[in-house]
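Attaching a single structure in structure tokens format; questions to follow.
Residue numbering begins at 1 within each chain, and the chains themselves are lettered A, B, C and D in the order written.
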Amino acid sequence: MSFTAKNPEFAADVRKSFAAQSIMQTIGAQLSRVEPGIVEISLPYRTELTQQNGYLHAGIITTIADSAAGYAAFTLMPAGASVLSVEFKVNLLRPASGEMFLARAEVIKAGKTLTVVRADVFGISGAERTLVATMQGTMFCKE
Amino acid sequence: MSFTAKNPEFAADVRKSFAAQSIMQTIGAQLSRVEPGIVEISLPYRTELTQQNGYLHAGIITTIADSAAGYAAFTLMPAGASVLSVEFKVNLLRPASGEMFLARAEVIKAGKTLTVVRADVFGISGAERTLVATMQGTMFCKE
Amino acid sequence: MSFTAKNPEFAADVRKSFAAQSIMQTIGAQLSRVEPGIVEISLPYRTELTQQNGYLHAGIITTIADSAAGYAAFTLMPAGASVLSVEFKVNLLRPASGEMFLARAEVIKAGKTLTVVRADVFGISGAERTLVATMQGTMFCKE
Amino acid sequence: MSFTAKNPEFAADVRKSFAAQSIMQTIGAQLSRVEPGIVEISLPYRTELTQQNGYLHAGIITTIADSAAGYAAFTLMPAGASVLSVEFKVNLLRPASGEMFLARAEVIKAGKTLTVVRADVFGISGAERTLVATMQGTMFCKE
């Protein structure tokens, strides 16, 4: 799919909002790609973010997937709008191991009020990239 | 529903596993209730855990809901088993504001391999308790 | 929770819309309860509705759960509005056996645009009632 | 992704099981593609399957998506296994209009016990094909 942004400042607006999400700094996540309908967030592995077996906690996987999904939707919203998560569903496919994680979100359907987004989260170790989780969710545009 | 634990050490085993989840210490979450089929986790509000509007990030809501859900399932598993999250779906009902948050998980159906759990997350301000999110998920028992 | 209907004709409007859902007649489903925020639909077992093992197909379970959920939301919408399903998630808990099935939907959070609903589906055999599936979904109010 | 079937009779086994799903004949659905990890089911529009506005009911969309998803998972299971739906989540993207509907399911991750599948449902009118719904679900392999 190919989308066109209505807001010419979409990339700057995503970056500004991302910078205001304190949790992103707390966990060490970074915005690594912002295009119309597509946003990626990367997160280096840290033991402070793990569950009982040393893997990244499913809630932290969700944290980067949800922000990536919300901002992917936000890139297509009109200037001045704000974005809210309505709901998401996450399937955890493999243990979240890796030196780095990448959440890649892509809009499936952009609507006036609701936007449906998919986000895949990969664990990256050296040159290897493994899909560890996938999210399907709905974002709300508040004008 | 009423459930009976097969593992007499279920409460100690939940506490031990919870203590091994580094993320819980990182965000400041605590185990506040452990009964057969029911687990509660509480989390004081901290600005380090917020999204762009100052509310608790949906991923952090999910972090405490998922751990509560996993441990609610774990209380009913046989001794020596371990628990994994298969999938969850979260509906975000209201802005996650509050001085404190409580994730309350309860098993809906306990199976040999799969256990279905519901978790509600409340925002608490003084005497007021508001439902901010609800999760429906599946946990896997690895023996 | 307790809800108040804004539309004094909510029950008649639900019945009229239900009567217009051809699929309900095709499968033999009936509206068995309509209250503010709560709707129940019942469906007698028929072999024409089954999957390969003779149980009610998960899609038919979903059909009655989704209509019950949509109408539960609809009871709380203003007069003249229409209801659309945004999304739902269904956990299938047990084989869907029974002489009769009952989908019971209840609103969790009613909003101006979005309403979150839970629906449980029971299989009924004589005096025994077993939870076979549970749904968590979002409905849209189109005014 | 590319998958290899373990069961050399996977296609015949899918066809046999599909033929035993009475609901497929009741609604007029047909198996239109069976490959390792991919299954498609097609369904002509019929007014008997509609909701109150004349669109295909979300539960019928789910019926073909769930069967396609289950059989996509089944193609990768060992001979003699049976498949059960654990859970699914459906986002309804557009009104389900069309002369014909196609559910296309593809395995995302095949595991020994659990297989995660995505299914897209398209409405087809002449040469036009529109995505009307998307499902993300989990299937269970019972050996």
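Definition applied: a contact is a pair of C-beta atoms (placed from the backbone, for glycine too) under 8 Å apart; a residue touches a chain by one contact, two chains touch by 3 or more.
Since this is a predicted model, take the numbers as computed values, not measurements.
Q: Going by the touch criterion at the top, tell me which pair is linked by more C-beta contacts: A-C or A-B.
A: It is A-B, judged by the count of C-beta pairs in contact.
Q: With chain centres defined as mean CA positions, report which chain is farthest from chain B.
A: Computed centres place D farthest from chain B.
Q: Could you put a whole-Å number on the gap between the CA centroids of chain A and chain C?
A: Roughly 33 Å, centre to centre.
Q: Between chain B and chain C, tell me the centre distance in angstrom, where each centre is the average of that chain's C-alpha atoms.
A: Measuring from centre to centre gives 28 Å for this pair.
Q: In whole angstrom, how far does the Cα centroid of chain A sit from the Cα centroid of chain B?
A: Averaging C-alpha atoms per chain gives centres 22 Å apart.
Q: Would you mind listing the residues of chain B that make contact with two or more other chains?
A: Counting only residues that touch two or more other chains, chain B contributes 86-87, 89, 91, 138.
Q: Quick one: which bits of chain C touch chain B in the complex? Just the residue numbers, please.
A: It is residues 89, 91, 93-94, 108-109, 116, 118, 131, 134, 136, 138 of chain C that touch chain B.
Q: Where on chain C does chain A make contact in their complex?
A: Those residues of chain C that touch chain A are 86-87, 89, 113-114, 138, 140.
Q: Using the touch rule from the top, collect the residues of chain C that touch chain D in their complex.
A: Against chain D, the touching part of chain C is residues 17-18, 20-23, 25-26, 47-53, 57-60, 62-67, 82, 84-92.
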